[in-house]
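Just below sit the structures, each encoded as structure tokens.
After this come two complexes, each holding chain A, first together with chain B and then together with chain C.
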Partner chain A sequence: MNLKFYNKSITGILTVLPAKEIKFEDEMENYNFSAAKSLKLKMAMGYNKHRIVEDGVTISDLCIHGLNHLFEKGFLKKEEIDALILVTQSPEYFMPPTSNVIQGKLGLKQDIICMDINQGCAGFEIGLFQAFMLLEQDEINKVVLLNADLLSQKVSKRDRNSNPLIGDAASVTIVKKSEKPNTIFANIKMDGTAFDALIIPAGGFKTPSSSKTAEMVEDAAGNFRSLDNLVMKGDDVFNFVQREVPPMIEQLLEKAKQTKEDVDYYMFHQPNKFMLNKLADKLEIPREKMPSNIVENFGNASGVSIPTAITFNLGEQLTKESSLICLAGFGVGLTWASILMRLEHLSFNEIINY
Partner chain B sequence: MEKFNANIAEILEVDKVEMDDELSSFECWDSLTILSIIALSGENYNVTLSAAEVNNAKTVGGLKELIKSKMK
Partner chain C sequence: MKQIVINILQEIRPEFDFTKDSNFIEGGMLDSFDIISLVTALDEQFGISIDGMDIIPDNFSTVDSIVSLLIKNGVQP
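Let's look at the complex of A and B:
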């Protein structure tokens, strides 16, 4: 589905990373593979170190830390926030929404819409779509988009497929009505028939967690995980991304009447280096235009991976310059979405630790 | 498919392969090897393979036949 939005802009992006860093080598002994095989995997996938929260830290801790930083620096005022969108798959409760909890803890005004959205790898795009739609309202002038996930807590430490790549993080993105006219092109598709390609099977209302769902079981490849853990069909996800993402980007650019060369940066979801490099090659985009360095430095924090890629790779640059950026998220759902928009003269674009 | 043997040998980290070599007998055989084969098949032959299909192919020759059978 093709989408268009008018006269909207992002004015700042902040990424909040847990300070605790774990190296790939320190977890290798948990895996049922030889050191040589694990090190080869590290090279191919670009694994190195990842950021993980300390026990007991929740998404509201990271989000509130980030928002308070913006209040203190004068980048954002509490009374300006007309909507608070939180995209997460690590909510604090089934009820109420965690965005309401954050509103209460920060003492934000009652004239506000708080909304949790359950989305993962395409969570930045979905959150932006929602922000753009809310900004159509006369009384909504500024939307705060929060992306936050702590999926390290749901990944088995003995799962070499998922544990080395996962990271925890949150991001705060300010979305406003734009002062000068613009058109933002986007598209999105979904395929719920493959809902189990990336899934945490137990813990919801369908299969509540129990001692049975906590039992660790070895899979055919030698990984141990329980039904309470995140599980990913790596081959299916790889094939899905290589099949669906290139035509999605071609279609986006065609609708926007832009060429691949017109785009300054391709800021894509960061599953691993292997998949991103294959994607860049297939799209015939120079690899330096599509950074793939988030997994090796911080881990993949689902919907936070794109804001992390933007703040890490283009931090100060985007506060001074203007760049045409193509965003693309793909994964859980299955959901895949892309956006072509200009990011320019951001008031802030940085990373802080929690 | 003239480069198939050389490409597969490179993925399997050996100098050369025989058609009846069993895939799982190679020292380096693991999920990364399977993913590399899936990527090779997609890039060079435009054929999509699943991990299960690669495993079921059993031998180097079986894998070659599988890819051939799925080429249009």
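Let's look at the complex of A and C:
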């Protein structure tokens, strides 16, 4: 599905990372493989270190920390927030929405729309779509998009398919009506027939958590996990990404009448370095235009990986300059989405620790 | 080219003999993460980038299938 949005802009991006950092080598002994093999994997996939929250920390802690930082620095005023969108797979409760919890804890006005969206790897794009649509309303002038996930708590420490790449993080993105006319091009597709390619099988209403779902079982590759843990069909996800993402980007650029060379940066979701590099090569995009350094430095925090790629790689640069950026998220759902938009003269574009 | 491929395979999984005529995938000699290590090594060795769409187990089941894959991705036979 091709989409167009008019006269909207992002005015600032903040990433909030847990201060606790774990190195790949520190967890290697958890995996059922030789050290030599694990180290080869580290090189190919870009595993190095990842950020993990301390026990008891929740997504509202990270989001509130980030929002308070923006209030204190004068980048955002509480009364300006007309909508609060939270994209997460780590809600604090099944009910109520965690965005309402955040609104209450921060004392935001009641004249506001709060909503949670259950999305992951394409969660930045889907959150932006929702923000752009809300901004069509006369009374909505500023939307705060929160992306947050703490999936380290749902990954088995003995699962080398998932544990080394998972990171925890949150981001705060301010979206508003643009002062100058612009067109934002986007597209999105979904395939729910492959819903179990990335899944936490138990814990919902279909299969409530129990002592049985908590039993650790060894898979064919030697990983140990339970039904309460995240499980990823790595091969299927890899093949899906290589098959679907390149044509999606080609179509996006064609609709926008832009060439690959016109785009300054390709900020893609980052499951691992290997997958990103293969995408860049397939699309014939120089690898330096598609940074793949988030997993190795912080881990993959699902929908937060794209805002983190922007804050980490383009930090101060985007507060002074203008860049045409192609965003693309792909994964859980399955969902794949992309956006072509200009980011320029952001009020802030930075990373803070929690 | 065949010998280079065997050498790389041997380096990735030294416990197996890749000169024998067996299916590396069905025989459990290569798993999906070995394939990633193998693709990385082949890309580097031959100065190519194997197409992501070609990274499926069937293309890594024998030395001959790997050689065919390399030729398809631009390596001169």
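Criterion: the second predicted complex is superposed on the first by the 354 of 354 C-alpha atoms of A that agree within 3 Å, B and C clash if a C-alpha of one lies under 4 Å from a C-alpha of the other, contacts with A are read in each partner's own complex, and residues count from 1 in each chain.
Methods note: a contact is a pair of C-beta atoms (placed from the backbone, for glycine too) under 8 Å apart; a residue touches a chain by one contact, two chains touch by 3 or more.
As the structure is a computational prediction, the values presented were derived from the model and not from experiment.
Chemist: Scan A:L41 for contacts with chain B and chain C and give back first, second, both or neither.
Modeler: Both partners.
Chemist: Just chain B (first), just chain C (second), both, or neither: which does A:A221 touch?
Modeler: Both partners, chain B and chain C.
Chemist: Would you sort A:D235 into first (chain B), second (chain C), both or neither based on which partner it touches?
Modeler: In the superposition, A:D235 contacts both chain B and chain C.
Chemist: With the two complexes superposed on chain A, say which partner A:R243 touches: chain B (first), chain C (second), both, or neither.
Modeler: In the superposition, A:R243 touches chain B and chain C alike.
Chemist: If we overlay the two complexes on their shared chain A, which of chain B and chain C does A:K278 touch? Say first, second, both or neither.
Modeler: both
Chemist: By the touch definition above, which chain A residues appear in both interfaces, chain B in one complex and chain C in the other?
Modeler: 37, 40-41, 44-45, 160, 221, 234-235, 238-239, 242-243, 274, 278, 281-282
Chemist: For the complex, which residues does chain C have touching chain A?
Modeler: 12, 31-33, 36-37, 39-40, 49, 51-53, 55-57
Chemist: Inside the complex, what are the residues of chain B that reach chain A?
Modeler: Within the complex, chain B touches chain A at residues 28, 30-32, 34-36, 38-39, 42-43, 48-51, 55.
Chemist: Help me check something: in the complex, which residues belonging to chain A touch chain C?
Modeler: 37, 40-41, 43-45, 160, 221, 234-235, 238-239, 241-243, 274-275, 277-279, 281-282
Chemist: Write out the stretch or stretches of chain A touching chain B in their complex.
Modeler: Answer in residue numbers: 33, 37, 40-41, 44-45, 160-161, 220-222, 234-236, 238-239, 242-243, 274, 278, 281-282.
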